[in-house]
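For reference, chains read A, B, C and D in written order, and residue numbers begin at 1 within each chain.
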Amino acid sequence: MYKAGRHFLQIPGPTNVPDRILRAIDAPTIDHRSAQFAELACFCLEGMKEIFQTTSPVIIYSASGTGAWEAALVNTLRQGDLVLTVETGQFGRLWANVARNLGLRVEVIPTDWRHGVDAAEVQARLAADPKREIAAVMIVHNETSTGVTSDVPSVRGALDTESHPALLMVDTISSLASIDYRHDEWGVDVSVGGSQKGLMLPPGLSFNAVSAKALDAAANRATLPNSFWRWDAMLEFNARGFFPFTPATNLLYGLREALHMLREEGLARVFSRHQRLAQATRKAVCGWGLEVVAQNPGEYSNTLTGVLMPEGHDEAHLRGVILDRFNMALGAGLGKLAGRAFRIGHLGDFNSLTLAGTLAGVQMGLELADVPHASGDVEAALRCLTAQAREQ
Amino acid sequence: MYKAGRHFLQIPGPTNVPDRILRAIDAPTIDHRSAQFAELACFCLEGMKEIFQTTSPVIIYSASGTGAWEAALVNTLRQGDLVLTVETGQFGRLWANVARNLGLRVEVIPTDWRHGVDAAEVQARLAADPKREIAAVMIVHNETSTGVTSDVPSVRGALDTESHPALLMVDTISSLASIDYRHDEWGVDVSVGGSQKGLMLPPGLSFNAVSAKALDAAANRATLPNSFWRWDAMLEFNARGFFPFTPATNLLYGLREALHMLREEGLARVFSRHQRLAQATRKAVCGWGLEVVAQNPGEYSNTLTGVLMPEGHDEAHLRGVILDRFNMALGAGLGKLAGRAFRIGHLGDFNSLTLAGTLAGVQMGLELADVPHASGDVEAALRCLTAQAREQ
Amino acid sequence: MYKAGRHFLQIPGPTNVPDRILRAIDAPTIDHRSAQFAELACFCLEGMKEIFQTTSPVIIYSASGTGAWEAALVNTLRQGDLVLTVETGQFGRLWANVARNLGLRVEVIPTDWRHGVDAAEVQARLAADPKREIAAVMIVHNETSTGVTSDVPSVRGALDTESHPALLMVDTISSLASIDYRHDEWGVDVSVGGSQKGLMLPPGLSFNAVSAKALDAAANRATLPNSFWRWDAMLEFNARGFFPFTPATNLLYGLREALHMLREEGLARVFSRHQRLAQATRKAVCGWGLEVVAQNPGEYSNTLTGVLMPEGHDEAHLRGVILDRFNMALGAGLGKLAGRAFRIGHLGDFNSLTLAGTLAGVQMGLELADVPHASGDVEAALRCLTAQAREQ
Amino acid sequence: MYKAGRHFLQIPGPTNVPDRILRAIDAPTIDHRSAQFAELACFCLEGMKEIFQTTSPVIIYSASGTGAWEAALVNTLRQGDLVLTVETGQFGRLWANVARNLGLRVEVIPTDWRHGVDAAEVQARLAADPKREIAAVMIVHNETSTGVTSDVPSVRGALDTESHPALLMVDTISSLASIDYRHDEWGVDVSVGGSQKGLMLPPGLSFNAVSAKALDAAANRATLPNSFWRWDAMLEFNARGFFPFTPATNLLYGLREALHMLREEGLARVFSRHQRLAQATRKAVCGWGLEVVAQNPGEYSNTLTGVLMPEGHDEAHLRGVILDRFNMALGAGLGKLAGRAFRIGHLGDFNSLTLAGTLAGVQMGLELADVPHASGDVEAALRCLTAQAREQ
């Protein structure tokens, strides 16, 4: 049934796929062993290095982001290895589960799901590991379930200070190509990304950016049985522009277009755009008298905002009203925030007017769902956007 | 160059073409003499009758709407005929120019471009035409340059009261499939429509709905030389699902999809959606302390709103700022409103959140362009939309 | 209902629209008064000059090719003017009908529909026009109903030899961008083209290339009433990248892509490709023992081949069998060739293997429809294509 | 650079993606936790059961087919398990490598790569396994590297005769939805499929159809560490129309369309179409005097034909000539057939005329590349296709 006007897909990913990318995907599949394909693949493989801000190789998987989590682990670790994680939210938790499923020992530093990684805590735990049993530290740069961004360099600092040899693995799924992320400068060993967020693609591709140290672990230390995720086979084939198996060619067409678009706008401008729109979003939330999930302003996410519901009000009901009346999808509360918080995605192919529509939908939904809130603060967001525009 | 987020095309047509229609158009062209084509054509020809609310034939031209204006005239009139028009705005003026170009005598009833057709004036003129020299009365149902909707039945009433035999010709280009329009019930002889407004298609198709009386004039009275626009050839071929020449097949694919979508929503709901969104738009304009071009609330257009600039402020500058900063196109001031009024299109594939984004863009643009206005009245629109949603 | 594999659209237009063009069309419509639009329009207007091989202006109509026939006449002629045409086939006949519909006097030089224009006959008639009553000579460069190409320069020669001031108007609808056509060099005054043949677009755009002499006639001599087709308004708006009315923007997107594609291949290579594929087609026809409609090898068309059926066999039946069994559409016999000849379109986005499939479909259809023919001469075509490939 | 006419993608997968599927994929991504998504997922999950001819669950992976090979193993086996495979060609070999990578013991029954699985050999090996150490028998239904189809029921028979409890795992990647394949009736425990062959989709989705016995092994016996490929998590989420992680939504749009298309044609007709086109292909190969890789007519593949080059001629050179001159991609010789055989893909969205074009391209390529062959046997294929058409 036709519902007039555009659907607002304001979950924190998959994000709204721009027309240019959809049209790029909508092209006949080509022979994945042809010179034409090799050109496509090389362009994408090189381009992804810019996105991760690395000179190391980036692996492109024809699989969901969850697969790239698994890839990071199976390529580098041994059975029974201990990994240290910080549960900053649902995705931190799920990645830990992947590690457990693979037979790794997992130690979790908990949080209240309203703060990012505490590097001091990580450091304390590393200090208490004289035998260097911890093989990897896994953190989520931007926790998609809460809207909290962690300080990756501080965790690197903790490892360095303790001269701990553990690999640093970082999930940048909902920050890549939206929030500044520096694989090389920050000394990350494996970065994990996905296609359906800042890259503006449909889901179906995922990424590992891998440091020399990670590659060394893969070659000389890892024993976890695996095949599909093997970096060595990938790198061997990628060197000639190919893949060890049939890749998702049409999504690669989309990736090529996304890389062109990101170059046109420029990563620096992409980051500042996300920063500005996130700021305006928080102005509105604050104006409604609602609470942002993230408690530390320094950790506010620029790609999504988790919003706590007033006591006694269900986020699922609110989202249902908004979907039904205003044709907008918002992110559900996940894990221990289920029922208690909803999430506004403001990332990817997104601009001021789409944000204005989004915030208007939230505000009208609050009203219709009888959620107590201060009135009128789409205006606060608009004032903020206007001030930003003046400064640009 | 990639500009992040969706472009807001808020001119009063062409309107935002929904994805379903773009994808329908993006299909291989077929043989225009095949059974498959005949099925497509018959579906479209029948469907357009529903849209015009007529049981008479509708002619589909593979040409811009301007062509359908010409078609209405050349099929029915004789060289030197007198036609009576009311210049409700720029499009009324242009249609009169078409008539002049064709060698017709044109008599114009002027307006201040802020009111619709005054049926009493028309009636007075008809009364003063004892020799029945006036061969046709041409009016614009919804004047796209001003946002004023005229009362077609009252003009029909004027003709009937005077028992005047002139043909009634009505331009419904920017009202068709958006504002209730009834070709049969209102006794219109030739209705003129286009594809790029309420039908949500790209430009390239236009329409004539023709009464029995108009067909009779075409067969027995008309002498203006013409070929491409001939109804008789069209109707002869259309009877078998074909066209006398190669039609714009891919746009017909789009028209079929548009007809499906309009049936899914239902014309009544389409009309009330436009009515509600227009009302909310005016709330915002009024809240800003700006003046709507239309002066008679009974004539407010439901598809676009013309907004007067405060003295000394140029609409082109405002629109430039908004396009540059917010990636939104608004309608220019046309004809004698050039520089003095801009137009907000709120028709076609459009909903509450897109409207909210649109109004936010206007408001922020007013601010940035230093156009004096009362602050904060996107909120007024949102309150209106919320109240509407409660009632639905 | 899904029919496996690609449909072969081998009518002589509309032709198979390549994916790149369909995808270009499948993009959101933009404001036709924006700078972005002006860039698109200017690119298309300039590019079309290359296609017509002219430095004079080209007019782009948002209308079928039939409209551009009419445009050529109404812009340049006076009511009652005499035009001289050569009826080389159905399209020559139809264009003459357009002239009659417009109130012109039409004198027709007949042919047997198997030969092109006889310049000597034209010259003789011009010589017998001491009062210079003939205002225009209208011919079809490539007669789509027969597959006969006429020698335009020889007709120009006839006019020049007689120093006759008549305008030379040429329909290049099914030759433009496929067979070498030189508006300037050949001294044509108005060339008429369409989008759905060599330009590989869907139908919906048409063209007039106009000489200085034609423009002069338009400005100083023409009196036929018209409005939509007016060159002067077009040229005035085109100068700034705009149109006097809303153009078929999405088809212009397609035109831009087509122009890019034709530049990539290069017009010279486009022409020789059509020449080679046509030659191979005739080898097959000849091998089947069937007769090509065109009788003069110097006039064989490079874009389509008309094939005569053996006595007592109906082309419509054959085409029906082929469409039903092999999912291929061939061109019907038109006018006096109805029932007696079918047409194989081999133009536009077309290559050796598509031709091989096409000819295989014809041959198998002849067999299944019990049309007497010599066996096995797809092979003749393949031998020809192979020899051509060797030489390239 | 534009190369005129359609590219012929006649590798044995990815296959030519029909326009309907490309357009379905080219639609905005939706919330993968919405009711609308659940409807899509349920339709696809149910539809895939029809395709596998099973009432058991089918798992849909957002990953390449190689991943589904791995999934079959990691869900059901223990570390150190022995698996028995038959190396019918390169893909049999690669699947065995996957098993080795996962730490399984692999026993390979070799073949000459020109015959299918010999069930008697399998049975003999099973008989010699009194301790029932063999945990799984892995075979390839249709070996994509050779064009040999194996008799799955005979292998089932071998297991049954020996009352051997090993799981039967079958790769149906290049036969699914093209050659009759019956997961339930044939008693297969895990069937492995991919999207880019008979399903006519781009690559990026893969499948496991799983028997009750396989599910039991997954629940009660398997110990290989794994996470992404887990059936239990998939089935738990699938029950509600969801996935445990973000799925490749846009490819699922394509899958839905593919399922509609296959229903429209009907699986039985799909199978017989492939059978007929394969037969015609072999007629041509035989007519050229070239040898089909498959030696047993009962094992000829209906989806691809491997063709041996005459001694001293390199298939890569031939394919290069054909790609360059005729814009057609053929399948390379793989593994021990590299340089010695090429492969003609004739599966998916394919019909008689596309086959004719394909065979013409091969024949002309043989000529141009100076590969010795008998002349003129595209005709043999056409005679065959004609005879088939008469019988339909």
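Just a few scattered comments:
Operating definition for what follows: contacts are C-beta pairs under 8 Å (C-beta built on N, C-alpha and C of every residue); 3 or more make two chains touch, one makes a residue touch a chain.
Please read these numbers as outputs of a predicted model, since none were measured by experiment.
Interface residue usage between chain A and chain B, two copies of one sequence, is largely shared: over half of the residue numbers at the contact are used by both copies.
Taking the mean of C-alpha positions as each chain's centre, the chain lying farthest from the centre of chain B is D.
Chain centres here are Cα averages; for chain B and chain C they lie 35 Å apart. Centroid to centroid, with C-alpha atoms defining each point, chain C and chain D lie 45 Å apart.
In whole angstrom, the spacing between the mean C-alpha positions of chain A and chain C is 54. In chain C, the residues that touch at least two other chains are 16, 23, 26-28. Listed in rising order, the residues of chain D touching chain A in the complex are 7, 9, 11, 13-17, 22-23, 25-34, 61-67, 70, 79, 97-98, 101-103, 194, 196, 202-204, 224-228, 230, 244-251, 323, 329, 332. Across the interface of their complex, chain C is touched by residues 19, 23, 26-28 of chain A. Of all the residues in chain A, the ones that touch chain B in their complex are 1-6, 8, 16, 18, 20, 26, 260-262, 264-265, 270, 273, 325-328, 349-358, 360-361, 363-364, 367-368, 375-376, 378-379, 382, 385-386, 389-390, 392.
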